[in-house]
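Labels A, B, C and D are assigned to the chains in the order they are written; within every chain, residues are numbered from 1.
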Amino acid sequence: MSTRVAPTPHGALGLTDDDLLAMFRLVLTARLLDEAALRQNRMGRAPFVVPAEGHEGCQVGTAWAMRRGVDVWLPYYRDGGVVLTAGMTPYEIFLGIFAKADDPSSGGRQMPSHWGHRALGIITGSSPIATQVPHAAGIAYAITYRNEDAVVACWFGDGATSEGDWHEGLNFAGIHRLPVIFVCENNHYAISVPQSKQMAIDDVADRAAGYGFPGVVVDGNDVLACYAAMKEAHERARAGEGPTLIECKTYRFLGHTSDDDDKTYRSRDEVEEARHHDPVHVFGEYLRSQGLLDDIGAEELRASVKGEIDEALAAAWDAADPEPSSALRHVFAEDGPEDGAEGGP
Amino acid sequence: MTEKNVVTAIRDALHDEMAGDDRIVLLGEDVGNRGGVFRISAGWMQEFGEQRVIDTPLAESGIVGVAIGMAMHGMLPVAEIQFADFIHPAFDQIVSEAARIRYRSNGAFSCPLVIRAPCGGGIHGALYHSQSIEAFFAHVPGLKVVMPATPADAAGLLRAAIADPDPVLFLEHKKTYRAVTGDVPEERHIVEIGTADVKREGTDLTCVSYGFALHTCLDAAARLLQDEGVSVEVVDVRSLAPLDTETILASVHRTSKAIIVYEDNRTYGAGAEIVATIAEEAMFDLDAPIVRIGGPDVPAMPFATPLEHYFMEPEPDQVYRRMLDLARA
Amino acid sequence: MSTRVAPTPHGALGLTDDDLLAMFRLVLTARLLDEAALRQNRMGRAPFVVPAEGHEGCQVGTAWAMRRGVDVWLPYYRDGGVVLTAGMTPYEIFLGIFAKADDPSSGGRQMPSHWGHRALGIITGSSPIATQVPHAAGIAYAITYRNEDAVVACWFGDGATSEGDWHEGLNFAGIHRLPVIFVCENNHYAISVPQSKQMAIDDVADRAAGYGFPGVVVDGNDVLACYAAMKEAHERARAGEGPTLIECKTYRFLGHTSDDDDKTYRSRDEVEEARHHDPVHVFGEYLRSQGLLDDIGAEELRASVKGEIDEALAAAWDAADPEPSSALRHVFAEDGPEDGAEGGP
Amino acid sequence: MTEKNVVTAIRDALHDEMAGDDRIVLLGEDVGNRGGVFRISAGWMQEFGEQRVIDTPLAESGIVGVAIGMAMHGMLPVAEIQFADFIHPAFDQIVSEAARIRYRSNGAFSCPLVIRAPCGGGIHGALYHSQSIEAFFAHVPGLKVVMPATPADAAGLLRAAIADPDPVLFLEHKKTYRAVTGDVPEERHIVEIGTADVKREGTDLTCVSYGFALHTCLDAAARLLQDEGVSVEVVDVRSLAPLDTETILASVHRTSKAIIVYEDNRTYGAGAEIVATIAEEAMFDLDAPIVRIGGPDVPAMPFATPLEHYFMEPEPDQVYRRMLDLARA
């Protein structure tokens, strides 16, 4: 009987060790960037921040299956890990946090975390929940219409699934078998409203059947499981097999935003228990088990990421504020090259 | 020049634009085999293919939302709302999304979208097939709102709307569809959005109107000249947003009297902005208080003929009479 | 071995022979009323009518399980058979068709078939599709809150299921396990848009699982099957077990309304084939098989119904039109008894 | 009398009403354990029970739609929209349903519903937490729209809204919540919907405003008297629909000059109706053209401090300066 070395799980998914290290760096960057931003908030330098803490695993895991510069991204406000994976830099993110003129999302017009980056294919987003869902379907329609080889992914929370737009967007995508992936980061709360008051079911993914495409549930703390689900959905999309709804069970470790006090609606025990499954930790452990990380490596990596973030933060802080009267610009197209009449990417 | 009615002018212009640019697609309820409930796209699904003439599910927010996505990805969607009364589920997508995409992205993204919506009453459409919706949308910065009243303007403004790099709400008054005919240039003429048009010249007073009400005004003006020798200048707003205050004010400056006529509920209607603009900019030109005629402030136009007639004209021949009163004031 | 006579299917459902005859009379009334209304339309006396033809079976079948004067009805415009079962008379329906002052739905303000009848518990409806779905949930919430023994039923077409309001209404009803029944009269078209362009699934009922309650598919041409499904749903609702979504597969024999030309989007073969399963005929055959109807009885019944309709039509035609200036009334509450500040039934 | 800020006045009034009438329920996002994002209902889920303080799914159309159902079945729902910016998905339920239920049923049904919505900017809320929405809704017959600016009016109008047999949109300007304090009567006082209020008497000119802008106007008026001896009468509209034209016109009649100030985008804003009404009814009383100050016509208020400040005040101390110019005109 021949012995066979079982393939490493990431190897089986086609991920190299370098991929894995890059993914871990992203997860860690998302985490440390959150922490730095929150410190800025407490110092009074950032009036409003939206932490991703707890979601980094499912964000980076799903986003990693997308192709930078090719695919189209519609993240929601909590998706720091997604936009980092799409290619946004910490510097660009801090430009948004400090509402600077060069903020690629909005030039400081929108609240932080209202992402947009034309060059990277990150579609401009807004605050109203779930409005981006039909946009994702429309972009996917345009991709098919124009015979492009691109896939659209659209991220949202459990709360978004209650909106009419969510229903209408998924339904349209299903009818036309569009190349779009819907990713629900189910952290079981819409601000304070628990899942039980949002829906009478356990799994959002069950709704996919009502739109004629598959729904998948994954452990959002398992980066590779998220990647695997997304990779399969991505292949389905490119093969013309239509949309997939992926539900990542996750948890938000901090308040909804820097304005929220989650102690009013969640017990500390519940939060503590969730932290035991911290995706950053779980993923780090996996890397260690694969011999890709040790204490020294982890420390070095952390220091390197921290350094990158601190530098980005300082540079962004020093960047220019928008001109007051520029508030009047870009209501309609202006003459000149900066306003593209052609739409997005 | 060819004489056409409004619905034919819209059909022909839209057809030509679609034939000339395959970024343009039409989406909405029943636009496919049915050709739309007003038959504008009859046969087009066969001609342009199902990918370009898209029968959508019954979901207006989805229609506009999907169209926004298309517009952000290189297409030029024309979304049809079957009746303007049913645009309200899409209010959020229009106000919070389409109208803000350029602004919120600091100019990085744009949304070249046209939304067509047949509006207005007097056609026995009752509470939910008669509504005027321009006041809601003219107030939304980032959105353009036009409402042609003649075949030539319908064709020219529709072309301008499709060419516009920003979202345009294109309102079609149903009562003009077949009732109003006129010459339309053969060539691909464009009517610039943001321009009003003096549809009849006059010296005694200025009447500002749009949509089907414009024709009531033109009719009254013609009779007034004949019957009473009163010369009324009639300005067709035709572009609610941006509003061409210059043309309106120039006319009021000439005549020194102004009457504003619109079908929509009077209070907080679009006519209020026109009256306000004249009051602010031309008060010392005026020989008499500005007169405003709007529809009654009831939720919508009722079905029963006596009720519908009452909505359209609470006093018999009111436009004519109020113009005459103003001329004599 | 004792012989047992198998219970008649209707007997097994608790329906007496008299019930069955009454149901048949309703089905036939709906059909003949439609025909009379369409004749008025062609004569130019009724500018707009909405035929139910083809739907009468599922309308009367489902509505029969409701309790007149107790339960709450939210029909849609095609539901002539429902409102007849709820207790509206042909005279009242013709008052609406002729837009007369005494029309109980709206005093001639709304188009015909925009039902409302406060005394009967038929909630005022509108044209925008699916808006009544959250209303149904809200009324069911109020019923529970006020400890009433009533059940709400809400009817709609396949088209309605695409609207955001439909999703939001069903979701709310599921969360609170409300006493409400959602009935989809799936005739496979929203005006001209075929089901395949409305949804990527065969059965609307499949969506119920996404809201945490049962979905049931029934043959809409089988009056008793519709009744059976509704009866069970009604019992569930009263027992506090929450909502049910019932999908009746049906077909519309005529145009969408008197303004529609369905030849633009449906083949005559398709319509002819559907007519072979005409619920009026199928139900009549059942009655015959049960010995409850014969040729003479059928003729007598038809003559009696026709007489009733003709009389109602003539009386309604002669009724008073609304006063023109009454168009200004009832924008807000007026002094006096006719405006109930308390809301509906 | 007790001194309170606006948010406390709203909380206390709503609490007392709920305690006194169990037909009243509160529904909305996060109104339960979280007590609402402004903490108005903190502790109420425990006090009144989960059946009366209902945490809803994130679905505004559903919130309003469900509340309409409740209102038609014997309850008195108070629906909370977390931020006015998010009311747009419910536009159809408000415009096509709530506002028309009585009219379309010829008076047989009614919809005694209150919709509360925190609105307005200047609080670093950016594009989607700063919006003024009154112009959209004041135009809807069948709907009442109020917007108190003081604690006493907030309490009194909220009570009136709950007691009203028709749907009322109750707008709460977020910047008044904690910044504005004032005396509130102990007893259960009601402020009648449809009444404006002279918040400051004066003789040289009339300033008409509402919401947070009213306080900018009151502040400017106080300084103008002190600095320049100019006496400004300040009228608080407070009820946009119905609009109390009588009180406004009476004041303009006394002072012969009018300035209208509002935060919302200027064009087609609610102020246009007020200007138009004055122009139509009081033109010959006027000694100077009416002045209107509204927000810039950009889609919404930006986030960055310099941009937000620019929106709120494109020219420094503009209300003061325009009042002074008008007084001297």
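Note that in this section a contact is a pair of C-beta atoms (placed from the backbone, for glycine too) under 8 Å apart; a residue touches a chain by one contact, two chains touch by 3 or more.
In this text the structure is predicted, and so the values were computed from the model without any measurement.
Trainee: Taking each chain's centre as the mean of its CA atoms, which one is farthest from the centre of chain A?
Mentor: C
Trainee: If you tally the C-beta contacts for C-D and for B-C, which one comes out higher?
Mentor: Most contacts of the two pairs: C-D.
Trainee: Could you put a whole-Å number on the gap between the CA centroids of chain A and chain B?
Mentor: Distance between chain centres: 41 Å.
Trainee: Where the CA atoms of chain A average out and where those of chain C average out, how many Å apart are those spots?
Mentor: Chain centres of chain A and chain C, defined by C-alpha means, are spaced 46 Å apart.
Trainee: Need the CA-centroid distance for the pair chain B / chain C, whole Å please.
Mentor: Chain B and chain C have C-alpha centres separated by 37 Å.
Trainee: If a residue has to touch 2 or more other chains to count, which residues of chain B qualify?
Mentor: 56-57, 59, 61-62, 85, 88-89, 92, 96, 100, 103-104, 127-128, 141-142, 297-299 - these are the residues of chain B that touch more than one other chain.
Trainee: On chain C, where are the residues touching two or more other chains?
Mentor: In chain C, 106-107, 109-110, 114, 126, 128, 162-165, 168, 171, 175, 197-199, 331 touch at least two other chains.
Trainee: Enumerate the contact residues on chain C facing chain D in the complex.
Mentor: Within the complex, chain C touches chain D at residues 72, 103-107, 109-110, 114, 116-118, 123-124, 126, 128, 131, 133-143, 145-146, 164-165, 168-169, 171-172, 175, 329-334, 338-345.
Trainee: Using the touch definition up top, name the residues of chain B that touch chain C in the complex.
Mentor: 29-30, 32-35, 37, 42, 55-59, 61-62, 85-86, 88-89, 124-129, 296-299, 302-307, 309-311, 314
Trainee: Using the touch definition from the top, list the residues of chain D that touch chain B in their complex.
Mentor: 61, 85, 88-89, 91-92, 95-96, 99-100, 103-104, 127-128, 135-136, 138-142, 241, 243, 265, 267-273, 275-276, 278-281, 283-284, 286, 289-292, 297-300
Trainee: Show me the residue ranges of chain A that touch chain D in the complex, using the header's touch definition.
Mentor: 47-48, 99-100, 106-111, 114, 126-130, 159-160, 162-165, 190-194, 197-199, 259, 264-265, 321-328, 331
Trainee: So in the complex, the part of chain A that touches chain C is made up of which residues?
Mentor: 162-168, 171, 174-175, 177, 196-201, 206-207, 209-213, 242
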